[in-house]
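Below: the structure, in structure tokens.
First chain written, first letter: the chains are A, B, C, D and E, and each begins at residue 1.
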Amino acid sequence: MEFDWIKIPYALLTLFIVLNYGLLMTAIIQKMGARAGRRYGIRFYQNYIDLIKNYSMRSKITHGYMFYLGPVFRLTGGIGLLLFVPTIYGSEMWSNFSFSGDLILALYFVFFGTLGMALGAGESGHPFAALGVSRGLSQVTAAELPFAIAVFTVALQYQTLNFNEIVAAQQGGFLNWTLFTNPFAVAAAMIAFLGMMMRSPFDVVVAPQEIPIGPPTEYHSAYLALMQTNRNIFPIAKIVVYMNLFFGGAGSWPEFMIKAFLLYLVSALVGVVFPRFRVEQSIRFFLIWGVPVAIIGLLWV
Amino acid sequence: MVSPIYLIVITLGAAFLLGLLSERRTELAHFITVLALAAGGLVSFGWLWIMAAEGASAVEIYTAGTKPPFAINLRVGLPEAALLLLIYLTGLMSAIHMKDMLLRKGRRAMAVLLIAIMALAGIIMTRDIFNIFVFFELVAISTGGMVLLSDDPRALSAGIKYLIIAQVISILLLVGIIFTYQATGSLNIDFMKTPELALGGGGTLAFFLLLVPLLVELKPFPANGWALDIYQSAHPAFSAILSAATGSAALFAVDKIMDIGGASWGPVLTGVGLLSFVVSNILALVQKNDRRLLGYSSVAQTGLILAVVGQRELLGESYLFIAGGLLIGHAVAKAGLFYLSDLVKGRMLTNWADLRRNPLLVFAFATFIAMLSGLPPFPGFYAKWELVHALMASGKTGLVVLILFGAILEAGYLFRWFGYLMKRPQSNTPGTLPLRGVLVTMAAALAGWLAAYIWGELSGYDNLLSQTALLFALGFLLIDWFPAKLKNTIAIAGMLAFFWQSYTGYDPIQMIFGIIILVGGAVILLASYHERGQRIGFYPSALLMFAGLAMLIVAEQSFQFFAAWEVLTLGSYFLILRGKNAEPHALSYILFSLAGAFAIIAGFALAAQGQAGFKITALADVAADLAPWVFILLAIGFMTKTAVIGLHIWLPGAHAEAETDVSPMVSGILLKAGLFGIIVLLSNMGSPELYGVKLTYVMLWIGALTALMGNLMAAFQEDAKRLLAYSSIGQMGYAIFGLALMNHLGWLMALMFVINHYIYKSMLFLSVGGVAKRTGTKLMYKMGGLITLMPLSFFVVLIGIIAVSGVPPLSGFGGRWMFYNAILDSENRLPMIIIFISGPIAFLYLFRLIHAIFLGQLKDEHRKLKEPSFWIMVPQVIYVVLLLAFAVLPGMALQKVDTFLNGMFPEGGLNWDGLLITSDYGYWSPVWIMVVTGGIFAAVFMLLLAINRKAQKVKQFNIVYSAERPYRPETTHFAWNFFAPYRKAIWFLLLPIATRFWGGITEALHATAGFMRRFYTGDAQHYVFHLLGFVVGLYLILLGVQ
Amino acid sequence: MTKHMITFLLLLGIGAIFADLLTGFSADQNLNASAEFYATHTVSDTGAANIVTAIIVTFRGLDTLGEVTVLFLTAAIVALVLSGDMAGGFQVKPRRWPVGELLETGTRLLVPLIALFGAYVFINGHLTPGGGFQGGAILASAMLLMLLADPTRRFAHKTIARIESVSGLFYVFIGVLGLALAGGFLDNRILPLGDFGSLLSAGAIPLIYVLIGLKVGAEFSSIMTSLSESEDV
Amino acid sequence: MSPMMLVLSLLLSAAMIGVAVMAVWPARSTAVAVLAAGAVSLMASIMFLVLAAPDVAMTEAAIGSGLTTFLFFFVLGRVRSGKDD
Amino acid sequence: MTLQNIAMSTGFILILIGLYGAMTHKNILRMIVGFTIAGTGTNLVLIAVGYLPGRAAPILNAAVPIETASATIVDPVPQALVLTAIVIGLGVTALMLAFAYKIHATKGTLDISKLTDLKW
């Protein structure tokens, strides 16, 4: 695997597919959630409208350099994660830039965006932004625990840190998926997944609906648009990681889309069912449920 | 050389001569006194020279023209000559020091002083036990007289108490002498030696009665209340004699007497001595009066030497070296401290802060306490080393434990005192320091250094005082009056030159440490250019630390290693103490460090088994039954320095309260000494097993827990530098974890950590320190919003925290990557989980650091601040460049080490294939990560710029919340207790258990001391009870043993 | 009462040690080697008839020098204690008791006689019992008598001090002479041993005893005068 | 050693002990104690004579019982005028 | 029961009596008296140790000729020691008395248990 100029257009194409897929999928899932709650819900193209609207807002203010750069970091994190992980198994081109690093890179690159975002929000000077960051970081780091252990379990199980090799090991029928070879690890990872998606019950961090709290408080217009873009890319990038690690990867784009949809649906469903946790509750939740399960998974290997 | 009998003739003659002078000619009388003492000193020195340099054997002096045992004879050999010199010099210096008092009291007082010195010389020289008695009576009576040379009216009661005790002693001693005479048929020690036979029956008891009164002259616990009262109330110049000269003479008398009793009495001396040593040191802990404290310390030191005398058969040839080293260290230091106490007006320990006005006196004080604590390069250090080795080799572990326990207590109160001296408020009425007193004190300090040199020469090891690095550091003492900037230049040049000259001899691991210590140290020193004035004391301390570090990494023998270790400890202590509020923290630093050092010395001694010049590489050959214990001792020692959990409580304060440019030194560089020790340990000893448990596995757990707790606690600090300090604890935990994995990548990761941690922790400490200097606070919630005022600092911190947290693309990620690869190699899953947990937590504190300081709302009082001074920024910029370079090209530093590690761990190395680094499990291309990340970032940024280029900059306060506009930045900056939810969730992990534990121990010791010292009621009759109780108790114990 | 109990117990312990010594003690039947030497060699080596004197002045001369020094020291310290500038608050008013006529006259008569006797005792120290210390004490008692007769009497401190110092210096000097002329420090053979049993025999022993006698007498006197004048402090 | 001598010395030592006890007896005044101590010393010097130590006997008599007692009385006379405890 | 034993026991008992006096009396002068008695006792012990039954004093004269001296005299060494000890004892006693006087003069008391301003 080496760099080739042709990878750049492929990367852009991946990005385009994922962005559009993300926009549509989130809208559809939101609509499904609304319908389940006997509401009408948004239109399936609503996300596009929001995005375009925000990109073209004319009121543009900034609180400083970091405020300005925060969303950039955020989006870079999302895109980077997506591109550092091979999207489609077996395809040299859809592996994008995964030659730069392996699983560990993905694991740590997750924080890149979080960090930048938090910094940007911090510079806004809005106490709620800081409060949100505090909560978000607390929760994410706690959620990260079972995930990291699960990831490591997988690496240990397949004796490699290379995504391609991990996926390769899961080929030949769904019973070879990590989901079935090491269910505990997957369970732990899924618990973490819920937290990382920041959906209910772990959505007190963003809590955009009720009170103006959370990092995006002071963001608006193009900044918000960048973040919205990211909100459609980043979860899918994470889902790609999950898919590769636990669910046999995706051999083609359709397989990719189905698996991504199903995984996303999981978090949405849980969100519909459970009420919201306070932050310390969610930390304890991850420590009490996520981590032990992950440990069992680790010892299982 | 004239006959040693002239020592007595001159001194006594002068005393008699004084009687012929008129009462008023006190100046002349004093001159005669000084002259006589100086002459005595000269004669003693002559004999010492003849004995030591020309190797002459001991001379016998017969009196009355008759050979012993029929007439009294004197002997002067090497130890006698040395002690005589000590006694005469002490007498001389005291005579000079207390001149005013002597002049006031007239010629009689001087005669008393002369006779006291004469009698001490007599005790040293004579070989006749009754003669010893006579001289002791002279000493006792003259002590009674000299006590009166004091401004303290209480001296009178101290005098009568002493006389009362002296009466009891002399009664017992006379009975002992006559019965020993009856049993052996002689009064001459050399002719009494012989018969175990004759000493049987009543003879043993006779010897007991002979020995015990002499022991009581050594003021053993509990029969020593009288001595403490004297120390407290007498003129300090006399106390100097009592402690240094009288103590030495009495010790020597006991040593002589032991020729009669034989080796079987050794344990008695050792027991009595150690009891005094430990208990007196405990009692001293709660003592607030300086002179009484010195008294306790004297008693303790004498007890230690007595314990050594008791082991003289065991110590064999090195006995004189050890006992002499301890004695000389004690005598010179104690005399010096007593002289110093005369220069201090108040009698509280805290009053010593007044001495701070004169840096020379601070130097002298530091010299004295280093001597007393047995720190290099002083004689006590060599002696302690040899002593512990000899005792360990013969399995007397219990003795070693007691000795080291007592020593740490002693270091405790001495260094606490030094802290008072440096940090407590000075009195408002600074009197002038009398020049004579200063000179005498300095002479004592100088004598200490001289003794240090001599002991170094005698030691059979490289003389520490001829090591280039150390001499360079000490050289700064001489040029301390230069301006700081000049000294800084010299220091930087010196360190670089030293590196240039020695780097060719380094292997890759040494090279890493060498670069960090010498070059890295020089870089940090760039920041020191911001200081103006002279900055007295900074450079000797800093360079001492660097010298110790430089010596440490090239040490081949255990002795060199340990000496370097102590040097760097001492240097860094002085350095840390310079911080404004550093007093308690520096104290706990030095105490933990010394305790750790004691573990190290015990470990080396256990490993060496008496073998001289033990090479560090020989650790590999330690017998299997000892190996785990050696390993444990050494590991504890080294891990104290890296502040593993439980032993960490010294670190946060010490690092946080240090000066701006000192924090990076101690954090970025000094901590690596511990890691280096662990590397040396593991590479030589591997992983011994104890009861079936691999010790590296234990270390793995310790490392993991340290990483977790360090990070966790860092997340809850409000003080920025403390946060960084806790972060260092966590980071060191990672490194220890890596090393304890005992595989190729683990070690590589640890070494990478060494480099990374140096760079980013130095950088963060500098920038945070710089900011704190500007804002005047280290509390993060009092800062905020500084990004606009200090963008460069912000940028540095940003780079720093990205690097620390391990987020790609900076170099911290490389460490994490290797870490994961390393643990895939290893089988130890449970501790790994802990390490996992600690990873993300690092993120918490790092964000908090940058957020609370630079983001959020700017406080009103900070609105006019500027970037920290130029010189503080210079190293930071260098670090940023380094960090980026190291991020892109880690191979620069690591490839060689990787190859080198193949020697130890042939398996599992890395492949360095162009831009790609591959391990057995994964791959990593730092350059590409950087390029891709940079590319995406640039593209997104362009996009935003394109859309949003005309963004309007608004004031920070232009926000709305809770439907109101905020009006005070303080209420709007969310920074205090930032991670409240986390605290709520895991409060039980944050309990300060270690702090409570150590605090509890300290409190218990203090409470014990506070209770036990009630024992010294001050009533002379109670003191008689103690004395007789001591005699009877000892008798009963011996009876029981028989 | 606890004090008495503790004392009693402790002394019981010391008493046990002593009892132990006593029971372990077996009296010698013959002189031990040292004593044997003194018995046989004293005359030939020192020429003194009184063996104790010979031991004190020569064989254990260093002890005796120390002993004299003890008195010198005591005298100096007593003077220091009583004349020092440490005096504080409490002043004792001296009370004098009347001195009888008889005592005064007796004193005048007795003092020269006592002094003479003292001199006799220390000059004959090498032949008969007695010597410098005893003689010195007798000299001092003459002084004592004078003090009793007239408590207000003031002695010439200077003279006493001179006698003290000069005799002390001479003593030391004789010791050094022994080093130079004879076998060692304080060897009495710097002077001829003379005829055994005569007054001018035993080398320097009589000389030394005279010096000791003078010195001891002076020192006792000094102590007593210091004490007697102490109320003036 | 004649039994006579032995009995005499026994009596002497009994007397010494008795007087010594008197010297430390709390009820007695200090002056009596000093005198008693002097008497003990004097009797000891007789004992020394019996033990073939005339030199010592002389010294003890002159110094131990004579001078020492006088010294005591000197001081006693000085301090008596003050508070006696 | 020999002369030697009687003397020695008496000496020991005197030491104990003296020490008892020194340890129980609060008056410094009485303590000194105690020590004098103990000192006398010590001297007695010393002389007793050197005593040989039935022998003469170590002074050579017509009755004790040189030739038979070693068989007829007692051990002279302890006597020499005691001589020294007596003088030293006097020195110490004088010194203590002087101290006692001075203490009385400055503090107005001779009670040893009140001289506890130095302690702990």
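Here is the rule we go by: contacts are C-beta pairs under 8 Å (C-beta built on N, C-alpha and C of every residue); 3 or more make two chains touch, one makes a residue touch a chain.
Everything quoted here is computed from the prediction, not taken from an experiment.
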Next on the checklist: Going only through chains that touch each other, how many steps at minimum separate subunit A from subunit D?
Outcome noted: 3
Item to check | Centroid-based (C-alpha) most distant chain relative to subunit B | outcome: D
Checklist outcome for this item: Check: interface with higher C-beta contact count, B-C vs B-E, is B-C
Checklist outcome for this item: Using only protein Cα atoms, the chain sitting most centrally is B
Item to check | Taking each chain's C-alpha mean as its centre, the one farthest from subunit E | outcome: A
Checklist outcome for this item: Expressed in whole Å, how far the mean CA point of subunit B lies from that of subunit E is 50
Checklist entry - When the centre of a chain is set as the mean of its C-alpha atoms, what distance in Å lies between subunit C and subunit D? => result 19
Item to check | Between subunit C and subunit E, centroid-to-centroid distance (C-alpha), Å | outcome: 15
Checklist outcome for this item: Per the C-alpha means, the centres of subunit B and subunit D lie apart by a whole-Å value of 59
Checklist outcome for this item: Touching two or more other chains in subunit B are residues 130, 134, 137, 141, 144-145, 153, 156, 175, 179, 182, 187, 1021, 1025, 1028
Next on the checklist: Touching at least two other chains at once: which residues of subunit A meet that condition?
Outcome noted: none
Checklist entry - Of all the residues in subunit E, which ones touch at least 2 other chains? => result 2, 9, 15, 19-20, 23-24, 26, 39, 49-51, 53, 57-59, 73, 77, 79, 81, 83-84, 86-88, 90-92, 94-95, 97-102, 104, 106-108
Next on the checklist: On the basis of the stated criterion, which chains touch which? Give every pair.
Outcome noted: A-B, B-C, B-E, C-D, C-E, D-E
Next on the checklist: Can you tell me which positions in subunit C touch subunit B when the two form their complex?
Outcome noted: 3, 6-7, 10-11, 13-14, 16-18, 20-21, 23-26, 28, 32-34, 37-38, 41, 45, 58-63, 65-67, 69-70, 72-74, 76-77, 79-81, 84-86, 88, 161-162, 164-166, 168-169, 172-173, 175-176, 178-179, 182-189
Next on the checklist: Going by the contact rule set out above, which residues of subunit C touch subunit E in the complex?
Outcome noted: 3-4, 7-8, 10-11, 14-15, 18-19, 21-22, 25, 27-32, 34-36, 38-40, 42-43, 49-52, 55-56, 60, 63-64, 66-67, 70-71, 73-74, 77-78, 81-82, 86-92, 127-129, 133, 197, 216, 223, 226-227, 230, 233
Item to check | Residue ranges of subunit B touching subunit E (in the complex, touch as defined) | outcome: 130, 134, 137, 140-141, 144-145, 153-154, 156-161, 163-164, 166-168, 170-171, 174-175, 177-179, 181-182, 187, 225, 228-229, 232-233, 292, 1013-1014, 1016-1021, 1024-1025, 1028
Checklist outcome for this item: Touching subunit D in the complex, subunit C uses residues 50, 52-53, 90, 92-95, 121, 129-131, 133-134, 137-138, 140-141, 144, 220, 223-224, 227-228, 230-231
Item to check | Contact footprint of subunit B on subunit A as seen in their complex | outcome: 3, 55, 60-66, 68-69, 71-73, 75-76, 79-80, 83-84, 97, 99-105, 108-109, 111-112, 115, 118-119, 122-128, 130-131, 133-135, 137-142, 144-145, 148-149, 152, 155-156, 159-162, 212, 217-218, 221-223, 225-226, 278-280, 283-284, 287, 291, 294-295, 298-299
